[in-house]
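The same chain A turns up in both complexes below, where it pairs with chain B and then with chain C.
And then the complex of A and B:
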């Protein structure tokens, strides 16, 4: 939702990043305010997932130019764990398996780390158990899930639900969901979307990275951005996603070439 | 990553100090004269001198084994001193008489020897260089008939027991290093649990090599009679020297009918520096004999130290229905090399064995599991299950598994499972993205990987082992 007294959470200016010397992001601009939901769409290889990982601080990518302010601070100067503790959350496209590490133990450590950062009380295992079970109900997850190792042997849908469960526990200020809809069947998509909608508030913001417009039927964005060649080439409202669905990226990008300077950055 | 995994592994060795104690060190080199000198200093009976000399003559005909997956320059056995003892030679009745400098050393090491030992309910025997310096709790153990103390003392006070069992599990000519140990062993622990006695506390020995260019050759013998049980813990450290030191111990366990021996080791000998200079050569022969019906021997080891580890705690399963277990965590970093595993020899009917081995390699280290499961023709109904998992941290380390399975009874059931995994940047990034620092992430992953072994350790040891792995891995993913 677009709210009147919103504050700027994320301000990305001219961001360029490369991997192993190959440039992927080439001057990306984006502003996200509290209360907003943004969708970033675009063809394969346009740099959507790279953008998500660069924001989270993945070491494989080198930022070569530009700046990123998060709540007015230089986000790029922070280590990945410091970004997370400051409220930046990335729901991974492919959540990695961590054999031998129990899910509940992992969730509790993450939760308590972030709580400590916020000057709040940490929870002991019993208190945490109550909390996590309550959050799991939202995502219709079975309790047995807590005893398993982190993501090990999880189905695609279970992994994605686990990501949103972590989001529910950590209550991020800025949540970036990287293709959270991919690999989900209709029911799982509904459950995951309901979870995300439940967590959206006037104080936080959500950036959805997605290929498909179908997710946007469940989580309605305030802005839709089209990425191509490492930049945002067009920005519009909800209707832009429908246009994309109907005409494809090529048709949508064509007018964007001229409109890009005005639209880039989507600074209302 | 803020702290790379390699940095995580690189914490300096905490036990690398030398204690300034005057010691009596024998001249370097090994001849029959050296052995006679050691035997005379220890006032040994004739049969023990003969045992030593026989081993020595056999040793002269042997060559060091080269089949292990480790590399090191030839050892000059004449450049080692075979005897070093703190001076004056301790003949101590109580802890108060122990050199305070020595006590401070053990305090630095965190050995629970004094009141702490009593509070913790652990009886400790401490071996410093070659000589046993103190045994706590001896009187209380004696009340229930348990003999626990140095093997030198046992030779004097219970020669018949030592003579009956010494060399029966690891014969003096068993292998090169066992023969060397049999010839020159200077001290070690002896433990005897009489029939039907459950040892009321964990027994513990702490080994430390303090003098440069000495070898440590301790000899441990544990006998549990019918229905007896004991849990025995062993810890090891050494100061930092640029030269390599040899540690060639022999441990023999004997379990009679229904007896149960649990032997746990946390080995943290000095491993050398990051370039592989210095460190202990840990060439150890450990073997348990499940002699009686329904007896059980369980080895648990956490091996984190030593430049080279060559060690295969084994079980000879002779008694019908006897059980052998081996639980191991071996961690190598920098240029450490470990070739470790076990042998389970099934001789009697319905014998069972379990092997759980977890190898963790970081830096430029090499970590090998080598295990033999042998089922002899008479071992009807024998069963074995082995699980060998390796974890790699970084690009330059290696892990190998050499399982040998020899089955000569068609009814036997032998299972072997193996896996290799890697702590990758993506796993650490996942933790970091949830606010968890790399050190905590590595320690969580490692503890998860090792939990099947850690849960076999007595509680205090498990805590120590968990911390030790954390320290050893400070700084390890690059």
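And then the complex of A and C:
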């Protein structure tokens, strides 16, 4: 929801990033305020997922220009773990399988690390078990997932639910969901979306990176941005997603190529 | 032909042999072992210290052993029960303690309690007369010593031995803990283990090598395990000696029809450790699993040579060997699976997985399959790698520090093997050890 006079959580200015010397992001601007839901759409290769990973601090990408302020701090100066502790959360497009690390052990370790940073009490295994089971109900996950290794042998939908479970536990201020809808059937999409909507509040913000409009039927964005060639080339309201659905990316991008103010519009 | 220039002998201090017969062998019914021992003495004189020219020692330089001097304690060092309390295993019904190779009854527990009619768990010298024939039939008969200097050396110095005899159709309640304590710096010891599980019996044994000091020494254990038809043996081997020690071990296992042998070997200590593990499936339908973990750092060398010999049809074997190599350490795995002619329907799988934590860490892995039967299912594979960068990033993106993420992933890699240990308290204490060893400060 758009809240009058809400504080700015994320301010991205002229962000450029490359991987192995190949530029991917080429001057990206975006401002996100608390309470808002932003959708970033765009064709494959437009840099959407790179943007998500750069925000989380993925070590494979080099930021070559621009700045990112998170709650007024220089986000790019922080290590990935420091970003997570400060409230930035990335739900992975392809969550990593970690054989040998128990899911409940992992979830508790992450939870307690973030709790400690916030000056809150850490939970022992029994206390944590109660908490995690309650959160799992929201995502209709069976407690059996706690006994397994992190994401190992999980179906695509189960992995995505496990991501949102982590979001529910870590209570981020800025959640970036990278293609969370990919690989989900309609029931899983409904469950995951309900979980995300439940977690959205006036004090946090959500950035949805998605290729398709269908997720936005479930999680309604306040702003829709279209990325192309490593930049945001158009920004609009929810109706822009419907326009994309109808006419495709090419038609929507065309006017943007000449319309420089689109970038400025990306910072409401 | 090029003559070999290197021709090393064992250090004289290791070979100083007292002619006196160990009391155990004075038992008339164990007298057969005297000839075997004499033969071993003769082989020790003839065999030379292996060099890198010997295929079996290609990657593991043992020559440093010749430069050391060792002594053989005449009596066990004064070790108090409190000194070894931290190695206690709660589940163990019996604990046999050997200090620098010498049996210490006062530190041993549960010995002599009735574990069931016909069960014998104790030192070789205490073998009951009616069991002597069994001991004489197996001791020294499975671990070949004619071409194996260290096995010959062990037999030549045969004195005390942990003996576990389980009669037909008997299942021992708790595991037997055989604790070999290195107590004196510079001591040479030749621990010996014989386990005979009669047909239909079940037993779990833990062979545990520990040190009370951080000094050098030489342990040269030989273990023989005989698993009768339909019998089941669980075998855990833990080597956690001083980082300055030499540990050169042999283990020979003989499997009868439809028997089952499961072993987990964990190597954490010793500057140089070597385990030669040979399992022979001598009859149809035998099953074995041999799992191993070497977790080493600094300048340590850990070498495992295993042979699974499928001699008869319908045998199954599984092997997972993992190495975690830190610092400038060097791990070696040579795993041979033989399928002899006629061993049809053999089902064998072997996997060697290795994690290198630094640029200086080295692993040599050599899985080998030799198949002489045509209707078999055999798989093997080896991987060598570093921690996965995506896994590290995933954990960091959830708030774990880089060091904590790497520690957790390293721990998880090793835990897969530790988890296969059936004795819960030992599993937990080894998990804790692995956790501490893999915990590097940020």
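Details
Keep this in mind: the second predicted complex is superposed on the first by the 263 of 268 C-alpha atoms of A that agree within 3 Å, B and C clash if a C-alpha of one lies under 4 Å from a C-alpha of the other, contacts with A are read in each partner's own complex, and residues count from 1 in each chain.
Everything that follows uses one rule, which is that a residue touches a chain if its C-beta (ideal position, glycine included) is under 8 Å from a C-beta of that chain, and two chains touch if they have at least 3 such contacts.
As the structure is a prediction and not an experimental result, all values here were calculated from the model.
Overlay on chain A: chain B and chain C clash in the combined arrangement. In the superposition on chain A, contact of A:99 is made with both chain B and chain C.
Of the two partner chains placed by superposition, A:77 touches none, neither chain B nor chain C. Of the two partner chains placed by the overlay, chain B and chain C both lie in contact with A:170.
After overlaying the two complexes on the shared chain, residue contacts for A:251 are found with neither chain B nor chain C.
Look at A:202: by the touch rule set out above, it reaches neither chain B nor chain C.
Applying the stated contact rule after C-alpha superposition, one finds that A:59 touches each of chain B and chain C.
Once chain A of one complex is fitted onto chain A of the other, the partner contacts of A:1 are absent, as it touches neither chain B nor chain C. Contacts of chain A with chain B, set against its contacts with chain C after fitting on chain A, overlap at residues 56-60, 79-81, 83-85, 89-90, 92, 95-96, 98-101, 106, 109-110, 113-114, 117, 149, 166, 170. Only residues 56-60, 79-81, 83-85, 89-90, 92, 95-96, 98-102, 105-106, 109-110, 113-114, 117, 149, 166, 170 of chain A touch chain B when the two sit together in their complex.
Taken in their complex, chain B has these residues touching chain A: 1-2, 421, 424-427, 429-438, 440, 444-445, 447-449, 451. Contact residues on chain A toward chain C in their complex (touch as defined above): 56-60, 79-81, 83-85, 89-90, 92, 95-96, 98-101, 106, 109-110, 113-114, 117, 149, 166, 170.
If you check the complex, the residues on chain C that touch chain A are 388-391, 393-402, 404-405, 408-409, 411-413, 415-416.
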